[in-house]
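To start, the structure itself, in structure tokens.
By letter and in written order, the chains are A, B, C and D; residue numbering begins at 1 in each of them.
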Amino acid sequence: MHQPETNGNGTFNGAASGATKLAPANVATRCEKCRKMLFTRDLEKTQKICPECGYHFRLTAEERVESLVDDYGAFQWMDDDLRSADPLHFSSRNVAYAEKLDEARAKTGISESVIAGMGAIGTHRVSLAVMDFRFIGGSMGTVAGERLTRAIERGAEGRCPVIIFSASGGARMQESLFSLFQMAKTSAALTRLRTVQQPFISVLTDPTTGGVTASYAMLGDVIIAEPGALIGFAGPIVIEQSIHQKLPPDTDTSEFALAHGMIDMIVDRRSMKVTLTHLLKLYAGKR
Amino acid sequence: MHQPETNGNGTFNGAASGATKLAPANVATRCEKCRKMLFTRDLEKTQKICPECGYHFRLTAEERVESLVDDYGAFQWMDDDLRSADPLHFSSRNVAYAEKLDEARAKTGISESVIAGMGAIGTHRVSLAVMDFRFIGGSMGTVAGERLTRAIERGAEGRCPVIIFSASGGARMQESLFSLFQMAKTSAALTRLRTVQQPFISVLTDPTTGGVTASYAMLGDVIIAEPGALIGFAGPIVIEQSIHQKLPPDTDTSEFALAHGMIDMIVDRRSMKVTLTHLLKLYAGKR
Amino acid sequence: MSYDLDFEKPLAEIDRRIGGLRKRGDKARPEEVAALERELAGATADVYGRLTPWQRVQVARHKDRPYTSDYIRFLFPDFFEMRGDRRFGDDRAIIGGMATFAGRTVMVIGHQKGRDTKERMECNFGMAHPEGYRKALRLMQHAERFGFPVLTFIDTPGAFLNLAAEERGIAEAIAENLQVMAVLGVPIISTIIGEGGSGGALGIGVGDRILMLENSVYTVASPEAAASILWKSNDYAPQAAEAMKITAADLLELRLIDRIIREPLGGAHRDHRATAEALGAALSEELAQLVALPSGVLLDHRYSRLRAIGAPASVAV
Amino acid sequence: MSYDLDFEKPLAEIDRRIGGLRKRGDKARPEEVAALERELAGATADVYGRLTPWQRVQVARHKDRPYTSDYIRFLFPDFFEMRGDRRFGDDRAIIGGMATFAGRTVMVIGHQKGRDTKERMECNFGMAHPEGYRKALRLMQHAERFGFPVLTFIDTPGAFLNLAAEERGIAEAIAENLQVMAVLGVPIISTIIGEGGSGGALGIGVGDRILMLENSVYTVASPEAAASILWKSNDYAPQAAEAMKITAADLLELRLIDRIIREPLGGAHRDHRATAEALGAALSEELAQLVALPSGVLLDHRYSRLRAIGAPASVAV
């Protein structure tokens, strides 16, 4: 079974099964964009989109899966047994990386920054992997890289489309070069998918930066982004620090990426499933 | 034999065989760039490069071949029998296109805007084609397109490199869509060369614009240009007329093309043969 | 829809009279209106039945002529737009994406001129920058990877001629498309739906079949440009249009295109839906033939076709 | 050549004394000079024999360290530079071209930091824009077409981080290279010659063999950046350098690289020629092994190698 660490008492969008981390229904949250106070119960109804301004709050990985698949209960979780071997026995400021991983698992209820499995979207069987930014900034280390690679391989072997929802600050520093090389590994895996005429649909959510953008995430046959997501290699803050250059306010947003030809489409979360279904139908069309 | 129209009394660079159109040795020409008066006999010694400022005067196609091949007398001219079928029976201002062709032949001593054949450069056997801007602006119609295509095919069939020196204002209007489609034909022919691991070396000389740049000429495995050549799709004059925009003075020169990543190298004419030989040696290297 | 082209003046006059009658409402005599409408139809058939090449240029450029987006609306209702070249930008002068057509998934790519002022500015009047051709390249290679036939729709005065286009290699972008299309492993059908302007048209125009709408034109240079060079004055554009053989009928006779799609009475701009239906029927027929060919045969035919264009004569030398 | 790194102070002192003796000219006692030179060699061997990771970072970034252009001068005398991405520009931070090496034609591609101020500006200190990676891509595909092995030389603080790089898709450019290199049909050998900075290094760093010069480093993020995030202060860069296992010796032990090339006494910057010769010998050996492999085997090995990187542990769940 999936997610032993999950406390299982959250709710999302009215579904009974759960692993989500929303505050109780009567608690209020401030919208990051329009600064209005919003009730959790209202956000639940809109898939965590601000009813006032359309701001897309971040979803947990499990909320994401639930929002997409036809039958969440039937979703086959995969590779949940994988754990970082902590190849460098890394620690910083007297805190072992292993402890950080334990903390992240406890906090998020999931076992790593990527969760993955097989399910159906609009009746189309797909290999789906989703990142969770809460888990050490959605960073890609050996487990994330391996789960993404296996998700791609399941598409290649099972001849079905692969869909990955990214949300990541980049490579995980605590696994150093092992993390960096996951960029090469995931990108290489996609070449296997190409040989079987199955698509890779890459969906970029807030935020998708660093090594993830510079590898598989930008290699989608189709690349979709949620509105207002931060998307870029460095991100505007790093750029401003690095070159002491003040940037236009929309730098490295979904809209910026669309304007610069990097993505195909910006899709509101409420239309995401129908958009993916549309695409899956087209790719399933007679050749 | 090649070039029946050639009067055969020119001289070039001291060679006995001839078809060039230089003025008598004691006649003076004004340099297009530095405006100095130069004697033909001096220009002959420098392959028509201004000794004062390095300006590259245009070469005739035959001068070009002579400047490159190991043994001009042994150069095998090819496809000299091809003539435009004038498929539209074109005329403008009561002058038939057929008459213009006759005029151009008489003026230049060559039979069309491209001449081609097989020869050796630095002992490497190559298929060589050269354009001549004097022939209706080096325009590419059916004969030019066919000769270029056959030159490429000779490379593919004989497994030797193809070198084309371009000098063209673009497609020949008098053959209308037949001319336009030569762009597709020559570009398609290059795909045949790719399958036999033989290179296409494209050399752009003054001027190379229009349909020629938008087809085979920009598809070189290596692209070389002579210094100061006009290179571009539209050319600065057309752009200025079209959008009423004053352009920087170096727009659409070889140096502009190099700066914008479109060509590999600018080569002085006096180093052209040694550069091509260098390249041919590399492509002939063990795989 | 008004009759506003020069040669449509007689039609405009009849139309004005019909309008006058109609304004009278119930007082109008139906027989009178019907008679005038028959007269208009007859006159239209007459005028459009003997358009000069230069008049066809006017029709091909008509502001109400159906554009790629109109054909998408009628023929490809589940069109999924794919944007951007993944390198520099998303050029709105060339649009493209996947859609279902005749029971299979196809890749649709076409120039877009833009209808109103705002859209025209966005689309740069259908004159693409290098990133437009590179987006088209990406989409064609995507189509090849997935085995989707490619349908292109050509409607451009030409590639854009400005400094930015030169800087980013407009010539290279078109050239690369010519080479890639020559060996793309899926069927390609290109249709000239309006203006086929030179290299900018050809850049998405290499195909197994080349179709033309009845009143579209395909030119190596615009008649105005050709006139200014060969006749030394723009005023000779009608003569240039004539001499250059730019109409669908001429080009079919010269065997440079494969098929003409008839337009509704009075031109495609008078009935977008009917035009789209005629085009759709033709595409469907041609596509059925092409998908039946093994890929090797398809590519051999395509190459032979390109190779044979404009064979010159041989003379004794 | 001076000794100007912090940890070289004892060496600088001996060097200064030798210099003092030499200045006296004939009056200098040769035995005395020779003794000091022996002392300097011994001290250098001692200091360089136990460099900390952070000290190696200083050596890897040394202003006199040999750059790609130096290796080209020594190892590839008939180098033919190929410039431009054919799309946008010619990035001087990555240079490349064909050359003869070990009896065959190879494609050489490497970062170039620049030696003097002018060259450093031109090369942007070895931090490439997207067009640099796209030029590298063009050259690699060219190499594949002609069957030329690819040798890459990595020496960059990282890809450039500015607005222009983001606008033109620096992430996409690196990503595409990773994918293409994974299946490029010719041998690829990548050597870290100085700084292997993150994605900017990896963008030309996927290979059948990964070599490192003894004092080069390969990092997922610069020690300074890692320190500022994980230790909350740049000052902990030495600790970060240590913890991240960035040296050739560590990475060989972790089996992330294949081979270390020893540097001359006191670091590569003390003898460019000797460094180049050692590198050349290693490349020649590795290349001989790789070209002997059938292309299918080569690619299977490359994929397996990539596939196996950082296999996580499995736990019961």
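Keep in mind that, in the parts below, a contact is a pair of C-beta atoms (placed from the backbone, for glycine too) under 8 Å apart; a residue touches a chain by one contact, two chains touch by 3 or more.
If you're wondering where the values come from, they're calculated on a predicted model, not measured in any experiment.
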- [ ] Please give the intersection of the contact partners of chain A with those of chain B.
- [x] C, D
Task: Path length in steps (a step moves to a chain that is touched) from chain C to chain D - done: 1
- [ ] Work out the mean Cα position per chain and let me know which chain is farthest from chain C.
- [x] D
Open item on the list: Quick check: more C-beta contact pairs at A-C or at B-C?
Closed with: B-C
Open item on the list: As a quick test, compute the distance in whole Å between the mean CA positions of chain B and chain D.
Closed with: 42
Open item on the list: Could you work out how far the Cα centre of chain A sits from that of chain D, in whole Å?
Closed with: 33
Open item on the list: By the touch rule stated above, which residues of chain C touch at least two different other chains?
Closed with: 86-88, 167-169, 172
TODO: Provide the list of chain A residues touching at least two other chains, using ranges where the numbers run on.
DONE: 218, 260-262
Task: Topology of the chain contact graph, where touching chains are joined (line, ring, star, complete, other) - done: other
TODO: Chain pairs that touch, all of them, please.
DONE: A-C, A-D, B-C, B-D, C-D
TODO: Report the residues of chain C in contact with chain A in the complex, numbered from low to high.
DONE: 78, 80-91, 98-100, 103-105, 131, 135, 142, 145-148
Task: Residue ranges of chain C touching chain B (in the complex, touch as defined) - done: 159, 161-163, 165-172, 174-176, 178-179, 181-183, 198-199, 202-203, 205-206, 218-221, 226, 229-232, 236, 239-240, 243-246, 251, 254, 256, 303, 306-307, 309-317
Open item on the list: Per the contact definition, I'd like the list of chain C residues that touch chain D in the complex.
Closed with: 86-88, 130, 134, 167-169, 172
- [ ] Can you check the complex and tell me which residues of chain A touch chain D?
- [x] 1-2, 4, 80-85, 87-88, 90-93, 111, 141-143, 145-146, 149, 171, 173-185, 187-191, 210-211, 213-219, 232-234, 238-239, 242-243, 245, 247-248, 251-252, 256, 260-262
Task: For the chain B and chain D complex, residues of the former touching the latter - done: 194, 197, 199, 218, 221-222, 258-265, 278-279, 281-283, 285-287
